[in-house]
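By letter and in written order, the chains are A, B and C; residue numbering begins at 1 in each of them.
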Amino acid sequence: MGVNRFLRKIFLVDLLQGLALTFRYQDPREIYTEQYPLQRPQVAERYRGAPRLNVNAETNETLCIACDLCALACPERLIIVSSERNEKTRRKELTNFTYDLSRCMFCGLCEDACPTDALELTQDFELANYTREGAIWDRQTLEQGPQPTVYKR
Amino acid sequence: MPVEKSEQNPLAVEHLEQAPSEKTHLDSNELILNMGPQHPSTHGVLRVILKLDGEKVLGTECVIGYLHRGVEKIAEHRTYAMFNPYVDRMDYVAAVSNGLGYCEAVEKLMNVQAPPRANYIRVILTELNRMASHMLWLGTHALDIGAITPLFYTFRDREEILKIFEKYCGARLTTHAFRIGGCLYETYDGFEDDVTKFCNFVEPKLGEYETLLTTNRIWLERTKGVGYLSAEDCKALGVTGPVLRASGVKWDLRKAQPYAAYKDFEFDIPTGQNGDTYDRYLVRIAEMHQSLRIILQAVKAIPEGPIMAKIPKVLKPPVGEIYHSIEAPKGELGYFIVSDGSTQPYRVRVRPPSFVNLQALDKMVRGQLVADVVAVIGTIDIVLGEVDR
Amino acid sequence: MRDYVLGYLDSTVTPGEAGNVLWALIYIVLIFTGVSIAVMSMNWLERKILAHMQVRLGPMRVGPHGLLQPIADAIKLLIKEDIMPAEADKALFWMAPVVIVITSFAVYTVIPFGPAHAVTDMNIGLLFMLGVSSLSVLGIIMAGWASNSHYPLMGALRSSAQMVSYEVAMGMAVVSAVLMTSMNAAGTGTLSMIGIVQAQEQQQIWFIFKFFPLGLLAFFIFAVAMVAETNRAPFDLPEAESELVAGFHTEYSGFRWSLFFLAEYAAMIAVSSIAVTLWLGGWMRPFAHLLNGRTWELTFSAVPALTFFVLAALAARATIRFPKHPLMRIQRIGLAGFGAVLGGIGLVLLVPPVRDRVQDISWFTFKVAVFMYMYIWYRGTFPRYRFDQLMQLGWKFMIPTGIAVLIGTALVGVLWG
């Protein structure tokens, strides 16, 4: 055992093993980089990205019933749901929905709190804006949904 | 304030009467060096003021607080469920453990038990999280000592864990995976396959890290004998986690005070003999192997059933206080919650393992060289988000 | 005119010995250009090879596969603001990079690329190389002192201590090799670089294999000492980023820093050339005496052209696999052109007159390139030595082993010479 250790020491076996490992990793198949933006990452279905207000596919009416549960659930209190009472049906109808993305931490509590499938966090993660006001989304932007960026330059 | 030297006080300092920043007059060959908040190797914004005699370190003083965000104050103004996402941001490297500790603490306060299926899912995710944290630690520690390639290998393997987290709860780093009472998300289709495939994938990779580092003579010279911390010092300072286990004390909260589903699994607690940097490295690598063991056992045996206990929609825990701690990858992570009966906690105090372990830096680094300070900071495994909250 | 040029190309002595100032100047210009191109390609190669070892890609965007990255880096360094610390010693601050560059480049006058292809062949060429490259320590200390800040000063002192200690070990190894040159019938050794390679040719053995394992040990000591001499991993504590002291070139920015960088890589190539000349047979092709004969000569002489063809094929393969985005069209065409140029050079190298003349220089360059690859490989694999461990290794292991090898070589030479 002593001889073995001595031989390993003078023949630098440990250093050569390390060198062999890094040499082997030069194989181009081992490369793990994704060249963004040519290769976009595949995100999971449950990914908590940009919010979206869903609309009924056939009638194009919003699914939101203006119950205000998402605003109550948000830890940062950045959702403002404004509604008015429809006299005919005696129900609340959504007028405006403001979501402040600059303070959002994408925790998903609003998505969990929503009783209908109206508020959903999508897979969009490209949320950069040029202005601070651009990060405050109103109802129209939210209903439009994610706009994947196409890079021209 | 000068500390009196006495036999009873194990923290008595021999060389340093005043903290380096308070010293008004230096001896001629002493130098005060500031390892500033912006430094490539202080894992975050940590300022260490070193008092040097040439190359030898005579004393250190850590200045923290650059990342203080007032998390405990925020807790007083949020409901219990709302505070859950904030908890991930403390130890942002291993967010799942933070969530587990908090949820279990509130459940204990409310006297609810998470169902067994939820406990198994919690264990699997927490052990994956432990592996991810140790992988990041290994990469950055090796980088500080000069080996620049293990960083990329460990990050690549950590990506696989983060992919599993993403598929499970929707976020890679700040996972918010658990809810008070159990888990919100059911396991996705193929969860067990993914986890098993990952375990088989990563086992040879751990062997690769060891090839590059464990027997490498340069690594041995840099880490053996560096940063010695005796078992008595560990216990006196309250140091927990791999640092404590590497000093020879066999204390792991998963075995000593089992929580979640750890009672059902068979695993060992790796300990070291000399409390130096090399032993901490070996202990953490062995812990990764043990985590793999736990995950493989758990994944085969997830029981069926509900994943959420019956808790009221508006959480109002009874008046009282509770301290509950878990074995986070970095040490004992504890939550002390005081409830006054309303929906918002009266006080949440977090016992961060990195904060308490950082106290040991002074003891470990006395008499060592400047180049070892970086190695020792790396080996304690601190995350400033936790230290400063 | 043509006769003059051909007359020179067939000469058997170096321009320095022939007293031909014009050709000496031409050589100097060629060497300077060659080393600058080599340094730029080392920059690209280091980033790419290191990246591939770390399962990532390295520069990809600047030119096709990052080929224009060194040029972009050079331009950036040239147009950067030239900052001089207010309290710095202006004359020394200006002079330090100049001293280092001059000493690193002065050694190239004696490096033998072929039997007649050096600027000059001093009969103390080896001593000249070792001496002049030691002067760079002076430049480092000047740089550390002139910066007037204690981090660079500490870094400079450490750097210089390291370089000086490993020079002793280098010296021991070098003397063993010189001893081996005297193992011929006449018993005369030589310090001249061309003479050392010619001694290897005469004794028909590369000195790394001579008196096995003494030649190998001497080579090993030199290989480790040269890595420590040039402040490269695993001995790069003085210039490491994660240590407290950032090194002697902290306060230098822009062009001044690029001079340090140039000098470091030039020094790497210079010490590798010493190693190649002393132990690996300089410009000799492998198996020069074992596998001789016309067919072997022809086979080995096709190797330079073959390497260019292989490189051209790799470039062609990369062009085919290039992402087909419209914005990447120019890069794709550029890469195809680069591949075509490489293939053209390969074809030119097949033409017999060119092929025969280019042999010496290409084998020398291959061997030096292997050493450069080893430098990058070590950087990617090994952690760093702490400074005291570094000095301990140099004084307590390298020097005693060097002395032992020297005494061993002398004994073996006397007894079995």
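As a convention for this text, a residue touches a chain if its C-beta (ideal position, glycine included) is under 8 Å from a C-beta of that chain, and two chains touch if they have at least 3 such contacts.
Bear in mind the structure is a predicted one, so any value in this text is a computation, not a measurement.
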(request) Please work out which of B-C and A-C is bridged by more C-beta pairs in contact, and write that pair. (result) B-C
(request) If we define chain centres by averaging CA atoms, which chain lands farthest from chain A? Would you check? (result) C
(message) Can you identify the chain nearest the overall CA centroid, using each chain's own CA centroid?
(response) B
(message) Rounded to a whole Å, what is the gap between the Cα centroids of chain A and chain B?
(response) 26
(message) Just the number, please: Cα centre separation of chain B and chain C in whole Å.
(response) 46
(message) Quick check: how many Å separate the C-alpha centres of chain A and chain C?
(response) 50
(request) Would you pick out the residues of chain B that each touch at least 2 other chains? (result) 149, 152-153, 156, 212, 216, 218
(request) Give me the residues of chain C that touch two or more other chains. (result) 53-56, 380-382
(message) Two or more other chains touching the same residue: where does that happen in chain A?
(response) 15, 18, 21-22, 25, 32
(message) If we count contacts the way the header does, which residues on chain B are in touch with chain A in the complex?
(response) 78, 81-86, 89, 149, 152-153, 156, 159, 163, 166-171, 174, 176, 184-185, 188, 208, 211-212, 215-218
(message) Which stretch or stretches of chain A touch chain C in the complex?
(response) 15, 18-19, 21-23, 25-26, 28, 30-33, 35, 38, 153
(message) List the residues on chain C that touch chain A in their complex, please.
(response) 49, 52-57, 60, 323, 325, 327, 377-378, 380-382
(message) Which stretch or stretches of chain B touch chain C in the complex?
(response) 31, 33, 35, 40-41, 55, 142-149, 151-153, 156, 212-213, 216, 218-219, 221-222, 369-374
(request) Name, in rising order, each residue of chain C that touches chain B in their complex. (result) 50, 53-56, 150, 233-234, 236-237, 240-244, 379-389
